[in-house]
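One chain, subunit A, links the two complexes that follow: it is found with subunit B in the first and with subunit C in the second.
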Partner chain A sequence: MNKGNTLRVALRAGFGVVAVGLAAAVVWLDQRQRLTLERAEIDSGWILLCAIIFLALFNVRKKLSMIPAGRNSDWLAGHIGVGTIVVVIYAVHVRDPWPSGYEFVMALLFYVVMLSGICGYILQRVLPRAMTNVRNEFIWERIPLELATMREEAESLVMECARDTGSDVLPRLYREDLEWFFRKPRFVFASILHAEASSSWARQRFGGVESYLSAGELDYFERLRSMSYVKGDIDRAFAVQGLLKVWLLVHVPATYAFLALVVWHVILIHVYLV
Partner chain B sequence: MNTILRPQRWDSPFDDELGEEQVASILSLPAFLDIDSTRFPAQIPLAGIIANDVRLVCFHRGDVVVREGDYGNSAFLVVEGSVCVVLTPGIPASVLGRTLTKRRGFFSALAQLWKNRNDVPEVRHLKESDGTKAGSANAKATRVDMEQVAATQTTVQLEAGQIFGEIAAIARSPRTATILAAADATLLEIRWQGLRELRRYDTGWRERIDTAYRANALKRHLMEDSLFAQLSADELDKVAAATLFETYGSLDWNVQFKREQQSGTAKETPIVTEGDYPDGLLMIRGGFAKVTRRIGYGERVLTYLSAGSVFGLGEFYRIWKGDADVAMRSSLSPLGYVDVLRVPYFVLEKYVFPHLAEEPEDHLQTAFDRPLTADSLLKWAVDHRFINGTKSMVIDLDRCVRCDDCVSACASTHGGNPRFVRHGKEHDHWMVANACMHCIDPVCMIGCPTGAIHREEATGMVVINDETCIGCQTCANACPYDNIRMVEINSSDDTSIFDSESGIPLMKATKCDFCYDQPGGPACVRACAHDAIMRTSIVELAQIAEVR
Partner chain C sequence: MKLSSKRFRFENSNYQRPNLQWRCGRAAAWGKPCTRGPKGDGSCGGVTACKPFFDQKTSRWACRRPLTAGGPCSEGPGPNGHCAHLRPPCVPRRTLRRIRSRLALLAVLLVIAGIGATLEYGTGAGNLGNSLSAGPLSSEHARYIGNDCAACHVPHDGGMETWASAVLVRNDMTSACLDCHTFAGEERNAHNFSKISSNNLAPEQSTQTLCITCHTEHNGSEADLVTLSDAQCSSCHQVTMENFADHSAFDLQFPSWRRTSLRFDHVSHLGKYFLQAGADDPTGCVDCHVAQRADVAVPVRGFEETCASCHAGDINDRALTILSLPEMSAEQFVALDQAYLSEVCPSRGSRDFYQSLILARQAVAAGDPFGDFESIAYGEGMGPVMQWSMASDSADIYDLPVDDVTVDDLSWLFLDLADSGTSPLADLLDDRAAGAVKGSVLLAGLSDALVRQAVCAWTSNAEVRQDPPFGGGWYIDGLSLNYMPNGHADPVMRSWLDLAVAAPLLATEHDEEDGQALIMRDTLINPKRGAGACAGCHGVSAENGDGDDPDALVAIDWRAKDSPWSPYLNYSHGPHLNLLGEGTACVQCHRLKDESGLADAFETLNPVQPASSFMPIGKDQCMACHGAEDGLQAVASDRGCLLCHDYHLDSGFSHQMVDMQQLRE
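Showing the complex of A and B:
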């Protein structure tokens, strides 16, 4: 490990210790204030707000990639660490897991943000390896183009086969099954759980007609079958990459909604209670 | 329609103020008198080269002309006065006052947020080239105490008519020595592109450059090697006289490599074949060579050698120890291009082995004893020549979540257009993305007619001067890794800029510049939240791969 990495690991560890210490301090302060009949929620609330703002700053940091404000990986480590202690501070702050009124919506949004964050973390740790095992690497934005190109190639291959051999077996297979298969990503949910879901479907279709083909058609058949396996890889890439993006579509908007309610909450507390 | 004249090679002369009289006076120097100007093509006349690719630079006694380790894009001819080459022990870097890369300040970096428009990429202002120079040696600001240099350093004096700096210029490598003005001196600085043309079209200059290159490189390299560190100057001269300088392959090896990549067949003629009788210790001076050993019906890549490596020392040591039946245990083949020094056995017997405390370690046997699949990464890197990269963008696919934050970060720091493609060749869970690798041997620089693509002086990063790039695509075609992209340039009102004569859209070459002017280093690495991106060499990657 080089010097820079050692420093980063040390900083992360130090940050973790501070975060845990902060959480412990909040718990201790809350206990003490409650025993002395003070309004413990005020202090823990402010600390919670600071921590939540820190968590939200990670998204701002991502947008400001041009400034030297540390690596995003360090920010993510901080995001996860502070996110964990925020759950503890939140529990201390609210006491009641399902409050009433607008606070119920706040609590609901908090749980959505928390759970989507946990899910996102797990997905980001697990799914990259699943994608590495796919034979081909596909860029998300290029998938529609890849599919369109593949579809064109498949169609011209089938037409060529019909012209050259005079047989309609492959064109019929294409019309009845493969046209649907090549049109857009298929087996999205199945592909997340089972890497070969899409390819298995194609293998079954191809296996069913292989015995009807003449020697002249076999070459076209094999080329089409190879394309179907690449299509299987595209389906897998689409499903997994889509999942890696979609959790953020829950996490980030829910965070903004939660922050809006937090602002409302702070105003109400300071108008009516403090 | 936005139109400007297509930029031309000599839009930005090396010295704007070089007048016709000075050009004539330069052409009357002995070094240029014998040149047959009719051998130069009409579009690159000799007078044109002198008017545009050279400049006269005056130095005072003690001025640093070039610093050891700096990257240079030019050679020098001593016109008047003299300079001295500092050999040993070398002047400390702190005294040399190395040029530092100018980086943006915090607010300048932040301003890119609104200045770099993501909706209109590659915006250029509608103006002709402003004459910004390609990278050139300009170390005049620093002066050292020549009395102290004379007292503490071994130096070699170069007088009027002698040429220096050609090693760095030709081999696209760092300066191998610091050179100071020994007296007030006038030097003719020749841009690398001009030097190339002189070498190409004039036999005398070709011989002059090649002879100086070989002689200077040979001695310098011997001196730097620990095997010869204990030798006196006389002994070193004798070793140099007995040593052969050999070159295998071509300096523009990328052409053949690309051809081989397309055809899928590689033609390699070994320098040394396994089983041969040892014929001189081979010292690699530049380029790359691979060491292989027969296994089954194939050749196993044990390692690759680059500048500073030696081959065959173990075999000769065994001969010296009295083993009569010694044959080479591995083959050595050039990887594109390699400069080799061949040191005869009698030199080793007389000057090297008596000083060796113990038998040289046999790293090759250690490599051979590893499990067969352990060196698949190395073999892959050698086959694709990724060994050339110093800052390859390697992505750990097991960590990468394909979020493209790296691509967005690159675009936001480079005019709204990313300078790399998150796609490339893969091995296991490693991908070398299509981003400039800032090669040890940047062959992209070979054909650039204006010197727009050059090494940044202080860091050695390969960068493109957008002002002097004429969009000729030579660098993009030369890059063996397809890491340079041509982009159409736009005006700020989102319309393409066209050549006013041909009506064709104007293009510029773009590539990763390693964010050399950005505070905080490469944006792609900083943007990755999963530590998936590394900018590294293959040697470092192999070490990381063992851990991950």
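Showing the complex of A and C:
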């Protein structure tokens, strides 16, 4: 581990200690204020709001990547750390896990944000490692191009085979099964759980026709089969990378809705109570 | 098969920025995307293969098709600069990022729309569909407040300006609470203390509290608004307790911090008087105390049920004298307007009167104060009530000159009384009592004829002798007008005694009156000789000072009242009666002393004297049950400090409260 990484790990560890200390301080302060008949929920509420704003700033930071405001990975570490203590502060602040009225919706959104965040964190820890087993690397945004290019190559290969050998075994295989297979990513959900889901399907199809091929077709056959395995990699990459992006479709909108209700909550508290 | 990493090079593929808002429609349909991609506004940018460039040097259009699409085409742009490779436009689709931002915007708009749409949905905190609702009220508050949010939240009915200012200005929710709730002390102080001075409190504790700190509303109709944990008590009270065994020892005088309101000596009565045979004598505590209404105290039955059989006669033996004839000198007697008196007193003209008048005039002519004139009131003064009424600094007037204010006032009073009966006396008392007690109440039942009869006789230097009327009332006893009470709780006698104890306070503006007022008070409330013998049993207490201080607020304890050790103590006798079995004796806890010391305690007006007929109650007596390892200890620990202590000081309600349910009905 080089010096920079050591410093980074130390900083993150320090940040974690501060975060845990902050959570403990909030719990202690809340307990003390409740005992001394003070408005504990006001202070814990403001601390909670500050923590939530810090969490929301992570999204802003990602959009404003041109600003030198620290590494994204550091922000992510902070996001995870503060996100964890926010759960504690929230529990201290609200006491009742299922309040009524608009606060019920607010609680519901908080839980959605919290659970989607936890899911996202787990996905980000698990799936990228799983992706290292994939033979080829694909960029999410370029998958349609990769797929279209591969499809063109596959169709060219099949046509060339038909011209050279005069056999229709491979063209029929392509028309009846592989054309569907190469059309778009397949076996998306199965690919999340099972890396070879798509390749297994292709292997089964190719295995069924291998014995009917002539010697001249075998070369084309092998090349097409190799391409189907790459297609399996694409399916896997599409499914896994898609999942890594799709969870944010829940996390981010729920966060904004929650923040909108937080603003309403702060207004109501100051108009009606404080 | 391992794909070449060179396919990512710029000449082989377009760079797809992750923050792009649109993606090619062909790619979205899993076709081959064009190299130019969508425009920023979401329209297709790939209708042509390139955007030709006009070269100024050659004055010709040049193809700019990128290498990823095969490089410059052989056809080249047309003469008007149009690309030769036209394609039908696609329908670009939003990228995932764009969808995410739209979803976020939609979510925010939904929240705002939801808030706006439900603002007017129903009314009241209990209507959870309203975005202002914080939850249903407790049943106690809902009963009186109903759906009127503004009853507690003043800005609720205000407009935007009110809301804006409310955000910036601190709300005073406690004031809203105090519209209905009342407390004996400082409402905003902890425990409603007027001043926190106990050394049992942690010094850093703030004395000001907010109602909503403990009484949290909007938690449903069944919510408990009054829970207070032992830990919260212990945050200020430095003696922390795990259970009742940790409670500090009770005071050595507990629970008798002041004498009782009624002077009843249990020791002498139980140990002496009740033993002297009598069919009506009580045989147990419940003969005098009403166990069915036992609370902080066990109420005492009325006078007629308890004391009358022995003490009824004491009351009808002590008359009140309000008016009397003082001894007058010959000159003072002559100075009376005898001509006018003869007009208003037709019965005058006896031989004795004229003889007295002649002797008085002879004495005046001789310059002798008395001569042979002999006042029938020889040796008599005005009496304390009359002296206070006349604001006279001297009870005796015979040695005063005729032009003295007191003599003059007395002459005019007698003339008025002889003429009008009771009304001059009522007016005089109204003036002196300054509204504390009405003169008409003080003189209730006193007839004009009786007053005229007395005054006409006295101004004739004669006396009238009557027996007290049967059943009490006004009568003339020689040289004085008296009132004999009609048994216990006689309203006239009670009014006079109330006036007597209030008189020193009424007289503070006239120093010379203080002494007269104090004399009148002390005469009337004298336990042995006082009118009606009221003060023989009812305590007279100066609550804010020494009884000799004219500013002391003195009052007569007309009713047996509770005097708990502390206003924060909420011990109730009720649950404890017969707890140890049917007929369990009160003496289980209340053990008689050998000597009560009550007589000494009632010698003064200061009620704060720990005199009692019973021995103090110690913590060990409570511990006998509440310290045991059984259910009773659980009862104590379940409610903790609140089992025996109240937080607030005499909490009550203002008269403004209206039951909404009854109002609707």
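Following the convention adopted for this analysis, the second predicted complex is superposed on the first by the 267 of 274 C-alpha atoms of A that agree within 3 Å, B and C clash if a C-alpha of one lies under 4 Å from a C-alpha of the other, contacts with A are read in each partner's own complex, and residues count from 1 in each chain.
One rule holds in what follows: a residue touches a chain if its C-beta (ideal position, glycine included) is under 8 Å from a C-beta of that chain, and two chains touch if they have at least 3 such contacts.
It should be emphasised that the depicted structure is a prediction, and the values quoted were computed from it without experimental measurement.
Asker: Which holds for A:244: it touches subunit B only (first), subunit C only (second), both, or neither?
Answerer: The first partner, subunit B, only.
Asker: Of the two partner chains, subunit B (first) and subunit C (second), which one does A:214 touch, if any: first, second, both, or neither?
Answerer: In the superposed model, A:214 contacts neither subunit B nor subunit C.
Asker: Between subunit B (first) and subunit C (second), which does A:257 come into contact with in this model arrangement: first, second, both, or neither?
Answerer: second
Asker: Could you say whether A:76 touches subunit B, subunit C, both of them, or neither, answering first, second, both or neither?
Answerer: In the superposition, A:76 touches subunit B alone.
Asker: Does subunit B (first) or subunit C (second) touch A:156, or do both, or does neither?
Answerer: Once the two structures are laid over each other on A, A:156 reaches no partner at all.
Asker: Check the residue A:38 against both partner chains and state whether it touches subunit B (first), subunit C (second), both, or neither.
Answerer: second
Asker: Looking only at subunit A, is it subunit B or subunit C that touches more of its residues?
Answerer: C
Asker: Determine, under the contact definition given at the top, whether A:139 touches first (subunit B), second (subunit C), both, or neither.
Answerer: Both partners, subunit B and subunit C.
Asker: Could you list which residues of subunit A make contact with subunit B in one structure and with subunit C in the other?
Answerer: Residues 63, 137, 139-140, 245, which sit in both footprints.
Asker: For subunit A, which residues are in contact with subunit B within the complex?
Answerer: Touching subunit B from subunit A are residues 62-73, 75-76, 124, 127-129, 131-132, 137, 139-140, 241, 244-245.
Asker: Where on subunit C does subunit A make contact in their complex?
Answerer: Residues of subunit C touching subunit A: 1-3, 5, 7-8, 13-14, 16, 18-20, 23-24, 26-28, 30-33, 95-96, 99-100, 103-108, 110-112, 114-115, 128, 130-136, 153, 155-156, 163, 166-168, 170-171, 173, 190, 205-206, 209-210, 212-214, 218-220, 231-232, 234-236.
Asker: Show which residues of subunit A lie in contact with subunit C when the two form their complex.
Answerer: Against subunit C, subunit A makes touches at 32, 34-39, 63, 96, 99-105, 135-137, 139-142, 144-149, 152, 183-185, 226-227, 229-230, 245-246, 248-249, 252-257, 259-261, 264, 267-268, 270-274.
Asker: Quick one: which bits of subunit B touch subunit A in the complex? Just the residue numbers, please.
Answerer: Going by the criterion above, the answer is residues 106, 109-110, 112-113, 397-405, 408-409, 412-413, 422-423, 426, 429, 431, 518-520, 523, 525-532.
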